[in-house]
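Scrolling down, you'll hit the structures one after another.
Next come two complexes, and both contain chain A; in the first it sits with chain B, in the second with chain C.
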Partner chain A sequence: METVTITMKNQPKLYLEADNVSPDKFAGKKASEIAALHAYEGREQTTLGKYFEIAGEGGATAADTRIIVKGDVSRVKYIGMKMSAGEVLVEQSPDMYTGAWMQGGKLVVKGNVDSFAGIGMKGGEFLIDGNAGDYLGAAYRGDWRGMQGGLIRVKGSAGSDIGYFMNGGTIIVHGNTDVHVGTHMEGGRIVIKGNAPSKVGGQMVGGEIFVYGTIDVMMPGFKYVQDEEVEVDGERSKFALYYGDTGERHPKRKGQIVYGKLYLKI
Partner chain B sequence: MTEYIIRNGFVFDPTQGIKGDKADIAVKDGKIVKSTEVSSKAKTVDASGKTVMAGAVEIHAHIAGPKVNEGRNYRPEDKLFTYKPKSASSRMAGGFSIPTTFKTGYEYARMGYTTAMEAAMPPLYARHVHEEIKDTPIIDEGAYPVFGNNWFVLEYLKNREIENTCAYISWLLEASKGYAVKVVNPGGTEAWGWGLNCLTIDDPVPYFDITPREIVTGLIEANETLGLPHSVHIHQNSLGNPGNYTVTLDTLKLAEGFRAKNKFGREQVLHSTHLQFHSYGGDSWANFESKSKEVMDYVNKQKNITIDTGCVTLDETTTMTADGPFEHHLTELNHLKWANVDVELETAAGIVPYIYSPDIKVCEIQWAIGLELALMAKDPMRCFITTDHPNAGPFTRYPRIIKWLMSAEARKKQIESFKHGAKMVEATHIAGIDRELSLYDIAQMTRAGPAKALGLSHQYGGLAPGMDADIVVYDFNPEKPHKPEDIEKAFSAAAYVMKTGVPVVINGEIVSNGNKRTLWVKAKVNENPQVMRDIRDKFLKYYSVTQANYDVSSHFVPNPHVIEVDATH
Partner chain C sequence: MSKSVTDVICPFCGTLCDDLEVIVSDDGKKIEDIYNACAIGAEKFMHAQAPDRIKRPRMQQPDGSYKEVSYDEAVEYTARMLYNAKKPLMYGWSSTSCEAQSVGHEIAEKVGAIVDNTATVCHGTTLIAVQDVGIPSCTLGEIKNRADRIIFWGCNPCHAHPRHQSRYSVFPRGFFTNKGHMNRKVIVVDPRVTDTAKLADYHYQIEQGRDFELLSAFRVALRNEPLPETVAGIPREKIIEGAEVMKSGRFGIIFFGMGVTQSLSKNHNIDNAIMLTKDLNEFTKFSIMAMRGHYNVTGSGQVLGWQFGYPFSVDLSRGFARYNPGETSSNDLLRRGEVDAVFVLGSDPGAHFPISSVRKIAQLPSVCVDPHITPTSEISKLHVPVAFVGVEVGGNCYRMDNVPIEARKVVDPPEGVLTDVEFLTRVNARLDQLMGGK
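Up next, the complex of A and B:
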């Protein structure tokens, strides 16, 4: 596997849209070619080389390409967008849309990510050592196709509206989240090892949400069904299972009505 | 005095019966003239080895107004990754199924369209429609105000008051700067105000106690009494429902016994739009099937009807119609977001995103039906290509539809790629049709035909001297062998487009914003104090705006092209 290291040398004045920072785009390219890949700063089209020092070269394919992003990238958006394979390691904290529409490979952020990280994600592994912002693994504005597959793991806490319109894959948050978890969720699994204040599973049609800590205010559309032991993230625990959101439509599968499942750790 | 001569192209012009002969087209001051009438200073455009046609005419698309804009507002995801930055001669443009006004103008022009009709204008929001039309560059546009659920019309026609209906139509066309009488789900949209619908032509409208049959025949009679350039333009009852072809035939039969009366050379009394959505058999989605043959057998023999296809393009799109109950039905089917608007005394509208997936049998059948209608049409001057943009797909897919219509091989390839190809073939006729439309047929279906149906054959749709210089050159040599993809490529980005004498597209790129006009119809009728009083009363009693704030004043229509009709007697 070849490694390309890009290091911030000139901070953009505005935010930089760097969707070309992805193994798919770097594959098969030399440092000079990578430097020539375009980015947008505001409405001006520019190149990655204007902002980043680029060392190394891409592998033959995306799967053979590893990117290390060094320096202050707090003004850089869309790192790892639509990446399908390979690896990206971001040493500090990037701005919004990190790993958006990611399809495969591995994306690791050592710092925090801002909002809309992993939106519309279809596959791959996305690890965040710090905290995540709002709309983690959600759908793009207006869209009904949120996270479809893959894994997002946040070691810290997450903001509001995570897993909005989620219908596949897994989001694990080791800390707490803000309000609105799994709104309009139709599938997939959200695991919150800390607390979630309120609006958990609003208008949820299907899928599963696990909360290990507390929910301050439950949505009124959830009803308690039974206690269940379930294996989550490699360990078995006992939960109180709620069905919901009973105010929402629910499809039938094999004659049975399918509900969203909300598990509260006992 | 600007003069041009477009030399040596293969010319296809149904208005003069020219079927691919090599000819020169001369232009002087925005009009087509005889080649002998231009001087030696005329600028030459070399069209040798290329196809030359008149600018195409769009007869039915939802491209401007509050409904379209609500689609844009509530579907930011439709714009995702579609934006193109501005250039020297074009503004920033984006959107796929509901493009910005700028993109709408540019994309039509790039495909060789120089005129387009907005298919449903809510009169109360006519100003919004005209503001968007004004912001749509290059193409000439008109808009059809909707009449089929309008309280005035329902009341007058209930009492068979044709003269009053005519006076009201005349007033509303002028107030809204409208072009034609549009009817959407006659009676059904008003019934939707009661949570009901009219699914046959004999279902009474609640409160008004009138049937779609009476609304349609009354409006045809009024339209022909006025002698408007276009006929009644109808979106029928029971759109999109399995088995609706019987309702379609019932409605089409209402045209029997009427004759077109107008000075524009229009021959039809009824234009049935997006017929694909109305040609369904079966009684559920499970046994859903094509009834295109039954419908086209009738259309082919009934000379006073024109149709457009409403072809499904197999894309993710945004459905939007004044057929409020239908959109509710659709959101119940696909569970995607739904917008619904009621427009006071006049109409309503609904919007729902929709994905015509090549993996879903029903969508595959719909795809086949749209194409079958055009392939079964015996008279291409009465059958026009549309996608009911954006309902069955975006208008930017016309080149692909033309490819499917001109190439049996392209259709075969598409059928083979379907997930349920074999089941689709059983439910349709498409696999058994080997007809391939010619460029001449296409020129009829996209140019001469719609221009004639709109009563505009004196200026659009042809290349005869005296007509507007709307001319397109496609990089397509009809005498050389070609692959199906070459058709789509050529029609997607014209080599050269001229709009009323101004070059607007060269090699597929926009070079000018042209000299856009807005068409509307001023129909003069005898003074009618009763209708004027009724209008005043309704504004006082029911409308949320005053009559003085209703009229589309002339500054909304900065470059008007008014078609005048005298219906006084």
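Up next, the complex of A and C:
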């Protein structure tokens, strides 16, 4: 696997839209060619080379390409957007849309990510060592297809609206979240190892939410069913299972109504 | 002798009353009296007559004082500012005509600006929800003639839309509502005992920030599913009773305002309220409508919608329209430092934005186009006074129910004062010259 290291040298005055920082775009390119890839600062089309020092070259394919992003990238958006294979390691905290519409490969962020990380994600592995912002693994505005596959793991806490319109895949948050978890969720799994304040599973149609900590205010449309032992993230635990949101439409499968499942750790 | 101008449109709130009568002096220069308008609307007309009105553009000096400049200099400064900026913000648009908005959007497309209107701190969340789940709505005329279940959720029309209740929602006698308010049941959901709540048949004094839960609870009640003992501080029996009242009507309407759009849950509140409306249509006819604030904020959404596909927070910086409130919305842009120039027309962010955003406007090159002296004009580098739309110049406006109404000119603007359209057209022409070499 070939490694490309890009290091921030000139901070953008505004914000940099760097949707070309992805193994798919870097594959088969030399450092000079990567430096010539375009980026946007406001309406101005510039090049990655203006902002980043680029060392190494891309592998033959995206799967053979590893990108290391060094330096302060707090004003850089869209890192790893639509990546389908390979690896990206971000050493500090990038701005919005990190790993947006990601399809495969591995994206690791050592710092925090801002809002809209992993929106519309279809596959791959997205690991965040710090905290995540709002709309993690959610749908883009107006889209009814949120996260559809893959895994997002946040070691810290996450903001509000995580898993909005989620259809598949897994989001694991080791810390706490803000309000609105899995709103309009139709499938997939959200695991919160900390607490969630309120509006958990509102308008939920299907899918699973696990909360290890507490929920301050439960949504009115969740009814207790039974206690169940389930394996989550490699360990078996006992949960109280609730069906919901009973205020929302629910499809039938094999004559049975399909509900969203909310598991609260006992 | 004075003359009377009838059927004047009131350019204040989204109710866009169209029955005002304005008494004008014989020379057509002075407004003497206004009939039928509410206190706020009347003040808007009278303010155009204020003796201390600014009639020429003013440029802020380094010591904070203002120096009068010509319109030519103002056009030059504005065009150069937009031309030099990498990502200018063009905010406002809600208190002007659709014609002016259209010219503004042409400029925005040229300079790669972000066009945002006051919905961003108002009913923008409604527009997000509408995009997510659609909206079953109607016109105010239908409500006047048919509605017998009126729900005001998080809004206070007694003060914000003073003539709304008498013209459309509570008191008027309509075709199928010939007993006026006797035909109607009014439900108000508000944490405070507002003047609107005082005239309600049912007041749900909800816990603050729990609208999403209560809306969900109504939907649960409609499906006959079990409810907890209390939701949002409202006992279960009251919720079931409320659901029955809504179901039993012939035509119901939910009006909602800032109380739900800008409190906790924001767009999700509206999303759930729209879904409640949809659920209620299983039982009877139900509609939902946003209580839009500025008289032409709806028009701004309409014009942006048909020109770029999105109703607010439209980012044109890369030559095509992008939209993601949270990123391309004014406050996020300002607070995060994503824009390098600010152009404000027909709005007052200085009074309504958080101080962190207002500080940024003060630091950046900024132009404020507004007939009044406002907090925004006081922090902007350039203040351009213009004629009042709906008083001194006509133009198209959209009422809160998306009905277009042509505003009328009542008096002439002070001599030499440009209209929004004239000023923007001159900026646009100057930009063409500047960009000619590109």
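Quick note on the criterion: the second predicted complex is superposed on the first by the 266 of 266 C-alpha atoms of A that agree within 3 Å, B and C clash if a C-alpha of one lies under 4 Å from a C-alpha of the other, contacts with A are read in each partner's own complex, and residues count from 1 in each chain.
The rule is simple: a residue touches a chain if its C-beta (ideal position, glycine included) is under 8 Å from a C-beta of that chain, and two chains touch if they have at least 3 such contacts.
Quantities reported herein were computed from a predicted structural model and do not represent experimental measurements.
**Student:** Looking at the overlay on chain A, is there a clash between chain B and chain C, or do the two fit?
**Tutor:** Partners clash after overlay.
**Student:** Given the touch rule stated above, what does A:Phe52 touch, chain B (first), chain C (second), both, or neither?
**Tutor:** Neither partner.
**Student:** With both complexes overlaid on chain A, does A:Tyr259 touch chain B (first), chain C (second), both or neither?
**Tutor:** Neither partner.
**Student:** What's your read, chain B or chain C touching more residues of chain A?
**Tutor:** C
**Student:** Based on the superposed arrangement, let me know which partner A:Val179 touches: chain B (first), chain C (second), both, or neither?
**Tutor:** Touch partner of A:Val179: chain C, not chain B.
**Student:** Just which bits of chain A does chain B share with chain C as contact spots?
**Tutor:** 43, 140-142, 144
**Student:** Report the residues of chain A in contact with chain B in the complex, numbered from low to high.
**Tutor:** Going through chain A, the ones touching chain B are 43, 45, 139-144, 249.
**Student:** Which chain C residues qualify as touching chain A in the complex?
**Tutor:** Those in contact with chain A are residues 85-87, 111-112, 128, 131-132, 210, 212-213, 216-220, 222-223, 225-228, 231, 264-265, 268, 271-272, 275, 317-319, 323-327, 336-340.
**Student:** Under the stated contact criterion, what part of chain B meets chain A in this complex?
**Tutor:** Result: residues 74-78, 80, 85, 335-337, 353 of chain B touch chain A.
**Student:** Which residues of chain A touch chain C once you look at their complex with the stated criterion?
**Tutor:** Interface residues on chain A, with respect to chain C: 13-15, 17, 40-44, 96, 115-116, 134-135, 140-142, 144, 165, 179-180, 183-184, 198-199, 202-203, 217-221, 223, 245-248.
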